[in-house]
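Heads up, the next two complexes both have chain A, just with different partners, chain B and then chain C.
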Partner chain A sequence: MADFVQLCIAGVSIGAIYAMAAIGFVLLWQTSNTINFAQGEFVVLPAFAMVLFFVILKFPFVAAMLATVIVSTLLLGVGVKELLVTRLLKMGVLPLVIATIGLSLLIRYSLQQFWTPLALPFPAIFSREPIFLGTIVVSLEEIGNILFAAVVIALLQLFITRTKLGWAMQAVAQNRALASVLGINVARLVTITFVLNAALTAMAAILIAPVYLVKYDIGVGLGLKAFYAAIIGGFNQIRGALLGGLLVGVVETLSAAYISSHFRDAFALIILIAVLLLKPEGIWGVKEEWA
Partner chain B sequence: MRSARLKLALLPTLLVLAAVSPASPQGVVKIPIVAEITGGGASVGAMWRDAVNLAVEDINKKGGILGMKLETSVQDTQTDPPTSVAVMRRVLNDKPFAVFGTVYSSSTVANMDIAKQAGVPQFTGSESIIITQKGNDNIFLTSFTQDTGMAKMVRWLLDDLKAEKIALVWVNNAFGKGGHDMFVQFLKERGKTPVVDISTEVQQADFTPELTKVRASGATHVMVYNHEEENARFMIQLRKMALTVEPVGETTLCAQTTITPAGAAVNGSRCHVGLTAGAPVPLMVDMNRRFQEKYNRVPDHNAFKGYIGVHMLKAAVQRVGSWDQAKVKACLHNNLFTTNEEAGLLMDLYVNEKGSLDRPSFIVEVKDGKSVVAKTVGMLGGPYNLRPCK
Partner chain C sequence: MARARWPLLAALALCLLLPLVLDQYKLYVLSLTLVYVILAIGLNLTLGYAGQISLCHAAFMALGSYAVAILGQHRVPFEVGLVLGVALAFTWGLVLGFPALKVKHHYLAMVTLGFNIIVFLVLRNWESLTGGSFGISNVARPVWGPVSFKSDRAFYFYILGWTAVVVASAYWILHSRWGRAFRAIRENEMRAEVVGVSLRNYKLMAFAIGAAYAGTGGALFAPLLGYIDPGAYTLDRSIQFLMMVVLGGLGRFEGPFIGALVVTILPEVLRGSEGLYLIIYALAVIIMMLFMPKGLVGLWDLAWRFSRSRSSPSTSSASLR
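What follows is the complex of A and B.
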């Protein structure tokens, strides 16, 4: 039983990181109908930025975090939205999807070529000292990751449900044309969503860097799992992405422990296929009507 | 008239020489590097590439080999076995004298037959037993295969460490499977089996399930046999879970490329290693220093392998006395090469009939983020004879 609880905590800790990246997918889809296949690299780039500010330039942690979020929101938020999304979105979803795949390759191999192909160390944000709860051993890092992700997601939820900007985002998500008629500046809102996504992925990067280590290609698996998570939970609901992320994290951990490590990733895919067959809108998703 | 007849008589000889030797008339010999420059093995490939280039630079500075300069080019396999096959085909079109790479065993197993068909000697950083089991006389390893390494490893583990309950964690690819099979076989010969036998995946991020199994097994030692990056993550999580089991391993666990990202988590690990930057061998110390000066990082075992590989080629060509691929390959089998004749070998080595090596190795312990040599282990077999090749 102790092992089971410990595995669940580890799964939730990893799942919380998947959830943060998955929520980014949902945000972008809701406001701009964009599927960002560079989402994994949107986590990797801030991780490298954290290494630059925190490890190399020796900024204090909070300053490094702020600098990372600023760089991330400018480059991956405003930059990507203005240079890529605005120009391609009018051509439909597919060209933009292809462009984000290209962007992911560009970021990945630029980091590898111009920085390093090696895994870089990253100091733990939370202590790695084990905490003994009877026979269960957890680390402050796992608990810290879960709490940190919970706070970020809760703040995001508050922003979306309790602020005018959040309501406007919901309105755009529900009906872009009507939102525009009602005087909502859709283009500005899309930019804000990209900035939010970039900030979210920067936060995920801060959590993931000590666990995954900072390497140019860690975004590949992460982006894919976040994508599964968003589909499983519901591509149009933040709570769905949260559920999906946690589910993927816990299922892959438990299946590796109790069935086989070989099928770690397969079980997330099995759930994905089952959800697509039985409830295509996702466990907590809402059916969308297409005009 | 006499001159014309002489030219006519020499022509067939020249034609034969041209056919035998891929060395270009400009005095340059091509030795392309086929390595994991991108993808999961990029860190490994970078070490291999840089060390091969360093060796070539050293050799060229001293006038090359038999008056010929070496020339490298780098081809990326993307750490993908099918891509490595395509890259190998492309590289061989340029008629190189020898090929350096690949390092990942899964790639080498896939591409080694292509080099063999072309008759171009292949020097690899791979260690999998599967490579030498294929009976390919064209391939030369730059380190032990796993049968030599694991024989030494098991002997140390049981005789020196008195390990009673050993958990085995290994990466499920050609490298890991080969090592796993050899380790289990040598343990079995000593009447033991691992208390738990767990495979992992390349690029795996979370090892909590595996570590939970290790803890439940009651193991006293865990033999960690993954690639460096995964080892780093594994060790960080092992410490987080406060496992009291003693981590032991082969070269990859105590490699600098594991220690650097994992930091203090690797401290206390003990390994049997073929090559290490901390080896108290003057020639290795010197190579280590020059590698760091040039690339600003500590060379790992893959770097030493790449460096030694080029000097194996040099030693064989010099001993043959000509750029003849068939003779060089023959010379590189069942033969002892010493640092007296070629200092770049760093240590005396014996190449067996399968192209695998025997040479001294080391027991290291990671202390304060550095691999510290605790003991030097002699060659597994021998004494070996040095055979002339002319």
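What follows is the complex of A and C.
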């Protein structure tokens, strides 16, 4: 039983990171109909930036973190929006899907080719000392990750529900044309969403860097987990992406421990397929209108 | 489409004559190009004509490859394996097509993407059947009694024969009622349904036929290499096929030929640096999406118009709208 609780905590800790990527993914879909197939690389690029600032240039931790977020929001937020999305948004969903697939390959193999094909180690942010809670052993890293992600997600939620910009985002997500008629600058909001997403993935990158090693191809798995999370939980709801992320994290940790680590990716997939067949809008999602 | 005929005939003549002068390696590259043409035609049908995104083309291909390879170990004739593999791919295409009826682009992308990963995991872990990550070696090439296709040149012509069958059948499908229905669905599902296109049947078929072509390509791919392992059928492979079709030109008959040619020749030119090749490839796809959504065929169109406008200015004004 203690094992089970420990594994669940470990699962929630990794799932919280997936959830951050998944929430960004969902935000992009809602306000700009972008299915970002490069979401995994949106985490990897800031992770490399973090290595650059923190490990190589030896910035203090907070400064390195800020620099990483700034680089990420400029390149992956404003840059991608202005260069790719603005032009492709008018052409429907498919061209953007293909362009983001191209973007993911571009980022992945540029890092491999021009930086390193090797895995870069990254020092732990939180101590890995075990903490004993009765019979349960957890590490500070797991608790730290969960708390960090919780704060980020709570702040985001406050921004969306309590500020004018947040309300405008909700309006655009509900009905783009109507929001535009009501005087909301949709293009600017799309930019803001991209910036928010890039900030979220940068935070996820900072948490994931010590857990995995930083390598050019870890984005493939991360991107997939974010997709799974978003679809399982609900493609059009932040709470859905949160739930989905945690679920994917816990399921994959438990199945790797109890069933088979060979198929650790398969169990999340099985849930995914079950959700698609039974409740395609996701566990906690809302039915979308036929667009 | 009449203008597609001459280049097609020219390409066929080249395909017949070239192998007589090529060395063994170049012959292999040309054979591989033909296999890719078959696969790309399948994906172009699903994605380009019917507008259904598929990210599991490599998985359908794997069904063809493994059917041929596994049955070949038990001395079953190659064609039997091929037909079985194609039937298997077709059936799975139907099964995966079902969610496509209910859901929109992004979900379909996920379902197919998930299918590719599951197939990869099964191939890697079902060791008794697939040989696991070691794969299967010495995949047999077809033999018809005294006629053997074991030599590279003979097998090239064998592939060419199947390519001709695939091209002809795709041409026929696209010029029948079916092709028009596929395009109607791509342009506007609701409108297509209103004017009486049975969405369900055609969407399923667009998926299943595309999958069947992938199975055919896969069945020919295995004996061409002689050795298969799960690494050849990853999600990345599927994405490569997607880019191949996009590069060539979505929903254009000539597209798969151009796409397959570029995709096999580019890595040969940039030998030794796969990373660089993929970077160029990815950049090309992004630029293509931004500025030339019609793919390389778009360039071809421009050249064609240019040549026509010089010879007969009266018709060109009409074609330029």
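In this section, the second predicted complex is superposed on the first by the 290 of 291 C-alpha atoms of A that agree within 3 Å, B and C clash if a C-alpha of one lies under 4 Å from a C-alpha of the other, contacts with A are read in each partner's own complex, and residues count from 1 in each chain.
Everything below uses one rule, namely that a residue touches a chain if its C-beta (ideal position, glycine included) is under 8 Å from a C-beta of that chain, and two chains touch if they have at least 3 such contacts.
Nothing here was measured: the structure is a model prediction, and the numbers come from that model.
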Considering only the touch criterion stated at the top, classify A:Glu141 as touching first (chain B), second (chain C), both, or neither. first
For A:Leu103, decide between first (touching chain B), second (touching chain C), both and neither. second
Mind working out whether A:Ala10 is in touch with chain B, chain C, both or neither, as first, second, both or neither? first
For A:Thr253, decide between first (touching chain B), second (touching chain C), both and neither. first
Contacts of A:Gln112 with chain B and chain C, given as first, second, both or neither: both
What is the contact status of A:His262 with respect to chain B (first) and chain C (second): first, second, both, or neither? both
Name the contact category of A:Arg128: first (chain B only), second (chain C only), both, or neither. first
Under the stated touch criterion, which partner chain does A:Leu272 make contact with: chain B (first), chain C (second), both, or neither? second
After overlaying the two complexes on chain A, where does the chain B footprint on chain A coincide with the chain C footprint? 109, 112, 117, 262, 265
Along chain B, where are the residues that touch chain A in the complex? 37-40, 42-43, 45-46, 172, 198-201, 203-206, 208-210, 212-213, 215-216, 228-229, 232-233, 236, 239-242, 257, 260-263
Contacting residues of chain A [partner chain C, same complex]: 29, 35, 37, 84, 87-88, 91, 93-99, 101-106, 109-110, 112-113, 117, 220, 224, 227-228, 231, 235, 262-263, 265-266, 269, 272-273, 276-277, 280, 288, 290-291
Residue numbers of chain C touching chain A in their complex, please. 51, 53, 99, 102-107, 109-111, 113-114, 117-118, 121, 124-125, 190, 235, 239, 242-243, 246, 273, 275-276, 278-279, 281-283, 285-286, 289-290, 293
Footprint of chain B on chain A - complex, ascending: 3, 6-7, 10-11, 14, 109, 112, 117-121, 128, 130, 132, 137, 139, 141-142, 210-213, 215-218, 221, 252-254, 256-257, 261-262, 264-265
